[in-house]
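Both complexes below contain subunit A, partnered by subunit B and then by subunit C.
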Partner chain A sequence: MIGVTISRWTMSYFAAALASLVAALVLMASGYGFPSDPIRAPETLVVVHLVAIGWLSLLMCGALFQFVPVLVAYPIHSNALPLPALVCLAGGLAALILGFRQLAAPVGPEIPYLALAAVSLVAGFALVLWNLGRTLWAARPLPLPARFVVVGLAGIAATAGFGAIFALVLGGATANPHLVEAAAAGLPIHAVAGIGGWLTFTAMGVSYRLLAMFMLAPEHDRAGTGAVFYLGAASLAVVVLGGVAAICAGRTLTIVLSVAAVLGLAALGLYGRDMIHLYRVRRRRAIELNSRMAGVALANLAAAVALTLALLGAGAFDRHVGAVVFLAAFGWLSGLGLAKLYKIVAFLTWLESYGPVLGKAATPRVQDLVVERRAARWFLLYFVAVAGGTVALLADAPLAFRGLAGVMATATSGIVVELLRIRRLADVAVALRLPDGVHRPLLLVSRARQA
Partner chain B sequence: MTTSFVDVDVRSILRAGGEPFEVIMSAVNALAPGQGLRLFATFEPTPLFHVLGARGFSHVAKPIDGGDWEVLFQPSGAVRPDGAPARPASGDGAWPAPVRRLDLRDLDPPEPMVRILAALEAMAAGEVLAALLCREPVFLLPELAKRGHAWRGGFEPDGKTYALLVRVGDAREAAA
Partner chain C sequence: MTEAAAATLAERVEDALRLVIDPEIGYNIVDLGLVYDVAVEADGAARITMTTTTRGCPATDMLRAGVRIRAQGVAGVRDVAIELTYDPPWTPRMMSAEAKAFLGVADAEDD
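Entry: the complex of A and B
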């Protein structure tokens, strides 16, 4: 074990992710995609993938390149592979968006954008999987949070696999009857494996470790945490393996999805109990903004579960699935992502800038890089707008929803400005900002220092 | 086998809820060349295998009466089987007793890293610092290596406390 160094390209991933989020919110505010367009319209697909791949997946990949080594106390397999992976993912996303626009209005040059997107995105995610997979493999036996990440990586493999089939079928690159069948019936598997498996399950695993670290809570695995892992992994296995079997057998996915939902909800219930326990037993009484906002994101996850149950009970789930996905994507995943970014960017920037001179010169603390009171207002505005947006979707009020998406775009831009100020050390007292031997960090790339 | 073994029994320390890491490491440091260590513990001390393995000790563990374990640590040469010197133990075998001890288990990260690096700057080459942490200091270890310090560390058998020993390097960058 020789420790963990700063991941060189993580800041580039974060920048691309935030740009995608702001772009998606601006599109939503301008009435592009759901609810102004139908939920399966190409315009909606543009927004959904800008959020799912551009924002959430790039954010997750950037964070995992830095924090999988922390989870397993083992260096990353390659510090060079993240760059070609980012190029493939960003290029693939651009091709995907152009492909969806082609579907919406088949004009312009006949370039097979969707097929290009399938190839490029699969290549990008394969590079990510290879790099993280090699790191995890070398670090066996894995602690429990890292095993969540392994299941999450299986989730992105399934999601990208189905996505590639859809892209090839929709783009007309294949007419293979099995693939056409998979494309016709596989959407729920693609969505659940992506949102539930890749994004939510990975975030859950990482949250056990990061929240404990930032709140000084004991990290010892509780009996319930193992149950969260096995129930959640079983739920995802049922969706992906059972779903594929059902499609091959020509059955509907109803039974498979119902079984997976019961397992998944049980896992989320126990996870919620673990998180409440973590906040209660923390030794740090006054917690930082990132932990408070992560708490709000967790409350949004609970709200999304409650909304799902209420809609299922009322027989209105299919009609309002858009509101549930919106709340899960923006209240839970994006909320948690923005909250953790606020801490991670500050910590990595501090470590990169001041690590080499710690003990040799007076240096600021990590918290001297941030101004929480200013940022708290943007976070508050963001979460209020998400709650309002969910209500607007449930009430079928697309104009109100657009206004609230605009508020979310404004709040997110405010948070982005705070992150830029952190990266530029703009809020550090001048006397402490640049001691001898300290360079202002580059905005998008970290100078990885070798021991 | 002609290896002679020094007996170290940490069962009473463990049963009293204590931390035997430093006792074990000082016994290891006091071994003569070629000497081995016979350790008695209340469970199989897996983390120690890693720490002592990095210092060139092979081990044979066997359960004894009452659920306790006896482990023989035997010097297998100063290098690992792959021929590369064990990195954390770069330098030599015996380390002097720590001149500074820090209990940093109640501090927020990254404050333990700041305190350790600051303490090391005030110490002379060859002196040893002992620190107790509540997690493996993954971001600190590369910085120690970069500054030319040697370190040894591992979790206590209870898995809750990470015990770190740092010996200030001779080749460290000149601090004013």
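Entry: the complex of A and C
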């Protein structure tokens, strides 16, 4: 079906996501959480969830509400559900942060923040799953990139499920022995399903389509792409289903995680080969900043895999797992997210502002909304700081890490300013900026108008 | 209207469509090869067959609306029918030489 529309609340998700990212980076720069605090300390949990839920998950949800319909050429099931989902997710995140602070320093009224967080976050992700799930179900048979999203959605279901158990047990809302056992052993499942399944696998699927679109690369399904999907899905199934079975049987997760790691690394290897192929066969020789920066993010993913293998080989993975997660979260996922935001915000702003007057007046191009040379400096600064931050973590240099986190916060703020300028049409030539019938878009909400 | 006059009118409609750009690629849809056919009947009814660079493109409805507005604005055109098709799917090979040169798009064997 034709007629995919602009997602009204996607910009709101992006704004909340960016605010969370900047807040997390400022906290890291101020010495809050790892590495200044232990990796499992409540302070670290605040920062981790600010990044995982506040930044990456809200970014992913906002992007999926707009691009799942593009992936499957079918309209979104509901344009009304994203707002209550956002309220639940943001409220749940706030309660989660307050709950972690309560764990760190139990003062103030005894409000069951963690239990409230569990309820609110599960409700928020359930609304997201329902909306995207109904859209995907209605659009069957699904193209391969959309099937990656389906597995990613299963990943967030598992992540949120385990997260709710942790919150209820940590907050003292339940003492059920099975749930306590799951909370004690389930952290690797929660983390892998979230970072590997929900965030990475979904990003991989969407990247096949978006990078091909933006670089004019042929979208032929390669034999290896199917293998990426099946190996990755199998890896996540082993982690979640095998992990739950192991916990129920009272076994450790070592074998389950080892098998999943082999499958996952094979999937990532083939994915890397596909991405190199995509960049090589692109028709657009001079690619835009977003595609160049996505390439840097992909290189960071490769570096995270290489670092994992090197640390495993050296028997030092457990000691440096924080550096690996940092590189994956900020070099790969956040780098890709910021790069694609730079394109998506410009594209959606163009559609909202100039789409309705297409054919009635001369309109600028999407590229006329951005100034790549200026933004490129912020992206460069960001990626250099991420590389430095990874080295600082490996070298156990927390002060240097804090300084580099400050640089990341500065670079991210610079990118945010560029996004605000796009939204305000500030860089469009005056002669083309506001033809009759065009109004500056609102910052946080899209107004879809009929032509 | 004679066949020759209809053909001339079709050319004028195609020229008019050059004001409509694909926002992502930033070039007019005619030279991008997104307009597969423009035909005008003797009674002035125009039939335009077009596509988008990718199925499910969020700009699809806006592109169709822009095409309709531009075609309807051509003197002599009485009615406009737009058919959106993905058969064949668009590839960069369908661009005009000028568009390829402007956008730095390379030809390849496996399109």
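The definition used in the following text is that the second predicted complex is superposed on the first by the 448 of 451 C-alpha atoms of A that agree within 3 Å, B and C clash if a C-alpha of one lies under 4 Å from a C-alpha of the other, contacts with A are read in each partner's own complex, and residues count from 1 in each chain.
Note that a residue touches a chain if its C-beta (ideal position, glycine included) is under 8 Å from a C-beta of that chain, and two chains touch if they have at least 3 such contacts.
Because the structure is predicted, anything quoted here is derived from the model rather than measured.
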{"item": "Fit-or-clash call for subunit B and subunit C when the two complexes are aligned on subunit A", "value": "clash"}
{"item": "Which of subunit B and subunit C A:L216 touches, first, second, both or neither", "value": "both"}
{"item": "Partner chain(s) touched by A:A362 [first = subunit B, second = subunit C, both, neither]", "value": "second"}
{"item": "Contacts of A:Y382 with subunit B and subunit C, given as first, second, both or neither", "value": "neither"}
{"item": "First, second, both or neither for A:R285, with subunit B first and subunit C second", "value": "second"}
{"item": "Touched partner set for A:A73, first subunit B, second subunit C, both or neither", "value": "both"}
{"item": "Partner contacting more residues of subunit A (subunit B vs subunit C)", "value": "C"}
{"item": "First, second, both or neither for A:Y13, with subunit B first and subunit C second", "value": "neither"}
{"item": "Residues of subunit A at both interfaces, subunit B in one complex, subunit C in the other", "value": "2-5, 69-70, 73, 213-214, 216, 218-220, 283-284, 347, 350-351, 355-356, 358-360, 363, 366, 451"}
{"item": "Residues on subunit B engaged by subunit A in the complex (per definition of touch)", "value": "87-88, 106, 108-110, 113-114, 117-121, 134-143, 145-146, 159-160, 175-176"}
{"item": "Parts of subunit C lying in touch with subunit A, wherever the complex brings them together", "value": "19-21, 23-26, 53-63, 65-70, 84, 91-92, 103-108, 110-111"}
{"item": "Residue ranges of subunit A in contact with subunit C within the complex", "value": "2-6, 66, 69-74, 209, 213-214, 216, 218-220, 281, 283-286, 347-348, 350-351, 354-356, 358-360, 362-363, 365-368, 451"}
{"item": "Residue ranges of subunit A touching subunit B (in the complex, touch as defined)", "value": "1-5, 69-70, 73, 213-214, 216, 218-220, 283-284, 347, 350-351, 355-356, 358-360, 363, 366, 449-451"}
